[in-house]
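Remarks on the structure that follows.
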Amino acid sequence: MIDFQSDYIAGAHPQIIKQLSETNLECLPGYGTDAYCSAAKEKIKAACGCPEAEVEFLTGGTQTNAIVISTMLQDYEGVLAAKSGHISTHEAGAIEYSGHKVLELSQAGGKISAAVLKDYLSDYFADENYEHMVFPGMVYVSHPTEYGTLYSKAELEAIAGVCQDYKIPLFLDGARLGYGLMSAASDMTLADIARICDVFYIGGTKVGALCGEAVVFTKGNQPRHFMTAVKKRGALLAKGRLLGIQFDTLFTHDLYFEISRHAIGLAEELKAIFTERGYSFYLESFTNQQFIILENAQMKRLKQDVSFSFWEKLDDNHTVVRFATSWSTTAEDLEALKRIL
Amino acid sequence: MIDFQSDYIAGAHPQIIKQLSETNLECLPGYGTDAYCSAAKEKIKAACGCPEAEVEFLTGGTQTNAIVISTMLQDYEGVLAAKSGHISTHEAGAIEYSGHKVLELSQAGGKISAAVLKDYLSDYFADENYEHMVFPGMVYVSHPTEYGTLYSKAELEAIAGVCQDYKIPLFLDGARLGYGLMSAASDMTLADIARICDVFYIGGTKVGALCGEAVVFTKGNQPRHFMTAVKKRGALLAKGRLLGIQFDTLFTHDLYFEISRHAIGLAEELKAIFTERGYSFYLESFTNQQFIILENAQMKRLKQDVSFSFWEKLDDNHTVVRFATSWSTTAEDLEALKRIL
Amino acid sequence: MIDFQSDYIAGAHPQIIKQLSETNLECLPGYGTDAYCSAAKEKIKAACGCPEAEVEFLTGGTQTNAIVISTMLQDYEGVLAAKSGHISTHEAGAIEYSGHKVLELSQAGGKISAAVLKDYLSDYFADENYEHMVFPGMVYVSHPTEYGTLYSKAELEAIAGVCQDYKIPLFLDGARLGYGLMSAASDMTLADIARICDVFYIGGTKVGALCGEAVVFTKGNQPRHFMTAVKKRGALLAKGRLLGIQFDTLFTHDLYFEISRHAIGLAEELKAIFTERGYSFYLESFTNQQFIILENAQMKRLKQDVSFSFWEKLDDNHTVVRFATSWSTTAEDLEALKRIL
Amino acid sequence: MIDFQSDYIAGAHPQIIKQLSETNLECLPGYGTDAYCSAAKEKIKAACGCPEAEVEFLTGGTQTNAIVISTMLQDYEGVLAAKSGHISTHEAGAIEYSGHKVLELSQAGGKISAAVLKDYLSDYFADENYEHMVFPGMVYVSHPTEYGTLYSKAELEAIAGVCQDYKIPLFLDGARLGYGLMSAASDMTLADIARICDVFYIGGTKVGALCGEAVVFTKGNQPRHFMTAVKKRGALLAKGRLLGIQFDTLFTHDLYFEISRHAIGLAEELKAIFTERGYSFYLESFTNQQFIILENAQMKRLKQDVSFSFWEKLDDNHTVVRFATSWSTTAEDLEALKRIL
């Protein structure tokens, strides 16, 4: 069985396991106050070209979204997101659990546009009854999106421009940020992301860590007493080293970028294999997630040898499925796939 | 200035003021345990033809929606509603404040359909990842809807049928229920509503009371220790008599229906006046709210003499506005309107 | 049956009923934007000697406590209160429902002291792990307290001084404020309260209104978009006039103070009656609530003719009960009580 | 510098690191559905002698407390705990964040008693106004407690008996459960805990894991759709294997008990060293946490060579400090301590 189910099927990049092992017996202070956390933060700030950034580590994506959003919003505000955004659909109501509404925007290929955003905001404030509605208090985008698509620098800057006009922060969910930055279709660097966004996170769980996301507040805007807010939400690890050591490793010798590039390279090959075999794609993705349309019987057959994930029903006879590559995908996996198709 | 701004521009029906005045010095126990509350509950149960119903009084519509929904949902559930539903749009995030998501359904004229609902539910449970999403745990409809439209008995029964198939309750927001039941276009009685829905409320605030909504649980399904949950949400009145006396009055000699009928009669006249004058309607409403399309300059002119409310921008030159009648609207108001138009 | 059960057994002061009746057919805008609300706010600001105050009307005490506390606290903060405080004990968890902890302080006769408060705060910040604990973000006092006792001006100023040292606001729950201000034992005016506290409320429900509390923010510190936060908590009345008219009446010709004085006068008489008859008091109260110790058999006997409320079990044979006077108590009530005792 | 700061100063037990390393490249399904999670659950059920138990893995202690409590309580309920309980003091308001109150009970040495509990419950239900208060809906105990003390089997059974009388579940926080079970002063086995409690957790973070707690529902009482509730609270790990592999290792060849016994043995030695040197203990602990009273100057001196933690100020000249042993403490650490004292 070859496995393209997701980008979190394997453990951690071996370099991380090695580092966890080598530092294992060191006695370190708890709750993220250890030297590995500090070093990792410095390396991330350097990689972002943003010395004034504040960096915090959390465990997973949904947790990170809920904490960033609920600590940055005012009581009367909600967060704007694509109708297909992760926070709108696949987080079991985590944002609402914090008492805030997700205000849904129409999307194309998982992306919102500055135009749609601007219309929403100007209509909102033009409404005589706007005080009876949830204030739009933040914009959430995922990059890559849930469909593997990417914002261009111009698109993201346009969205950021609207946010600035309305004085609301732009938050970028980078659960798969490495795979976005290393895509051939990307025209943005990590420093661009840091410059354009008010807050974003660098996903670890899906890019080689056992767990962990690094939140970067770029504008001196980290909520006060953030650690207490994290604890209040049950998200503070006693052994914060688990996150610090992993991110320290990922941001040493550009490991984060290297393993992302590896996955992207293999995703391009996978795309080529499916294209050659005449398969249709649900949309064109330049990142590590590829969405392929399968006839249902074909899907059933394929499932016997390959692991991939259900995405959505297209029609009664066809299904959209997702193939994902990651740091752990190998050239052999692709060879085996070729033989099966 | 004649006023069609809303159905809550005046105080209470004079009969209510009279009754509040006459009972004013009686010493009564607090928190809804007085004899007027009990009498009102019995009268409402009788009017519903539902002796097994449980009735509770709350103060306003948003409060009632939030309390009913948050006490009936399980932790992992959200509530399904039309994208245009009051809870989706105009309650400042009150449902989300209780930790639950509003799951939006497409609508037509403010109404959802059994077909749209069924599709949502079957797609939801067909999704392999449904446990990562918010469970649909209740269906919310407003009747009349926010657009003044009505469900037919067949439509509501079809929706209830889907709810029963999926074992989730159907909740009807009756903030303007009287105006729905007394509409010529309605084919449902209060007893029909009670039979078809699992829980609903009879709006007082917009139908002649100073404040107050009567929640009716029809299937032995009132949440346990409901009074404590109401108190926890800051919604328990010390002088529960204020609600009991009002509903006792409204359900004595059919006052609730009589004043609703009065408003509907005048709404029909108002509709006729606008039709005669050649105005366009945004949609056809048979209840006390009429949605008229005005050219913007015309709207500005009209505003000098008549009070009505902004509904939504139609295009750059036209606006949808709402004219509402109520128990307090008079024939003279319509005469005056005729003169102005 | 004579009734000393509580100070909310009757409806509203007749002057309020009269005013509700006389204004009943006026067409007014909703949600607290009407002229009566404005007038009432101005009169309250004048009575407080605090022209810069911001005044908002809410429906009941628990609701007011929950809204003021949850909109003024930061995410990581809780509210300090006496262990016997209303928010600590009798609000069904309304503060916790908003996500905030009530941090309990020891009390005497329902009162906290500046010394106890200061110790708590200095110990808190001296703790090396304070970031793992709930930050003390506000101080709540009730005046009169739940035991009918009063803070002296010096005591309240001392508490306010500690609050200022630690930069946290002082919130005074004035559900029975009138009965406190008119007590012979009080050395504070309404203007003193406004000067000393950062926010407080003037109780209406227990001082002659059908419902309603007037929140006064005294230091330009009303939370932004307060109306939206109120709506989000289900507490915004469509017919805000109900509150505006009542408070306008209460603050016209000093009615609020006059009816409070009436109740206090009768409470002093009631106290004298019990004292003469040799009854013991649980503590000495100078306000409208008197706490009397009854032998259990005696309590049972008395209950046949008089209505009063259970307070707490003192020991196996004795119970503390509460007798309350209010604007609606009459000299005849006391005569009848005398005959019975 | 020798380190007795806490029981989470080192990484994981080497056997865990080895197992994480060896399984690292295996492709496994996510979200706790992998074979290691299943195996770990079976081993834990066997160790508990409770084949009908349901086991779930979470990341840390505060998270576990908040999730267990908030998913098991009804809306109108709170949780009873010692005033010194972890949930009462050191979780930054995590329980309140879920909308529930912690109802504090008096304690001795960190323990509550059946008698205190029974009094609370009988007083609560005897109060005529109990519906205005938070219902006691669960009892929380920590074992060992925050002071390192232990419940005897008879004490825990008595508490459980009261819980059964009032039909509320007993929840045991076992963040340091291993150190409790292996104490010479303990007369309970893991099977006893499972039999007596309705739900409890086996702490991993403080007993040799990098992170992780295993919740055990012992009476067929796991909340429905628990995984969705966990996700909603941001606590669902994509790579659930991280927890499964760790607990699988801890419950293979009794590693969990063995490393606990090691720590307890060294704690006894540490206790002996301090006793010999004439130090006073704040209370007698038979587990891995020892609370020693230091004169402040002495504390300052000691801090130069040894790491330990501040517990609480005893008086102006003395401080209570905590020394903790764990699986990672060595005989050499104790030798070094001896030399310093």
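To keep things simple, chains are lettered A, B, C and D as they appear, and every chain counts its residues starting from 1.
Criterion: a residue touches a chain if its C-beta (ideal position, glycine included) is under 8 Å from a C-beta of that chain, and two chains touch if they have at least 3 such contacts.
Just so it is clear, the model here is predicted, and its values are computed rather than measured.
Comparing mean CA positions across the assembly, the chain most remote from subunit C is A. Of the two chain pairs shown, B-C and A-B, the one joined by more C-beta contacts is B-C.
Centre to centre, using the average C-alpha position, subunit A and subunit C are separated by 50 Å.
The geometric centre of subunit A is 41 Å away from that of subunit B, both derived from CA atoms. Between the CA-based centres of subunit B and subunit C the separation comes to 33 Å, rounded to the whole angstrom. Residues of subunit A found to touch two or more other chains are 76, 91-93, 97, 99, 131-132, 228-229, 231-232.
The touching residues of subunit C, counted against subunit D in their complex, run 76, 78, 89-93, 95-97, 99-102, 104, 123, 126-129, 131-134, 309-310, 312-313.
Remark: subunit A residues 3, 5-6, 8-12, 14, 17, 20-21, 23-30, 59-67, 91-94, 97, 205-206, 210-211, 228-229, 231-239, 241-242, 307, 328 touch subunit D in the complex. Chain contact summary for the complex, subunit B toward subunit D: residues 31, 70-71, 74-76, 99, 131-132, 135, 223-225, 227-229, 231-232.
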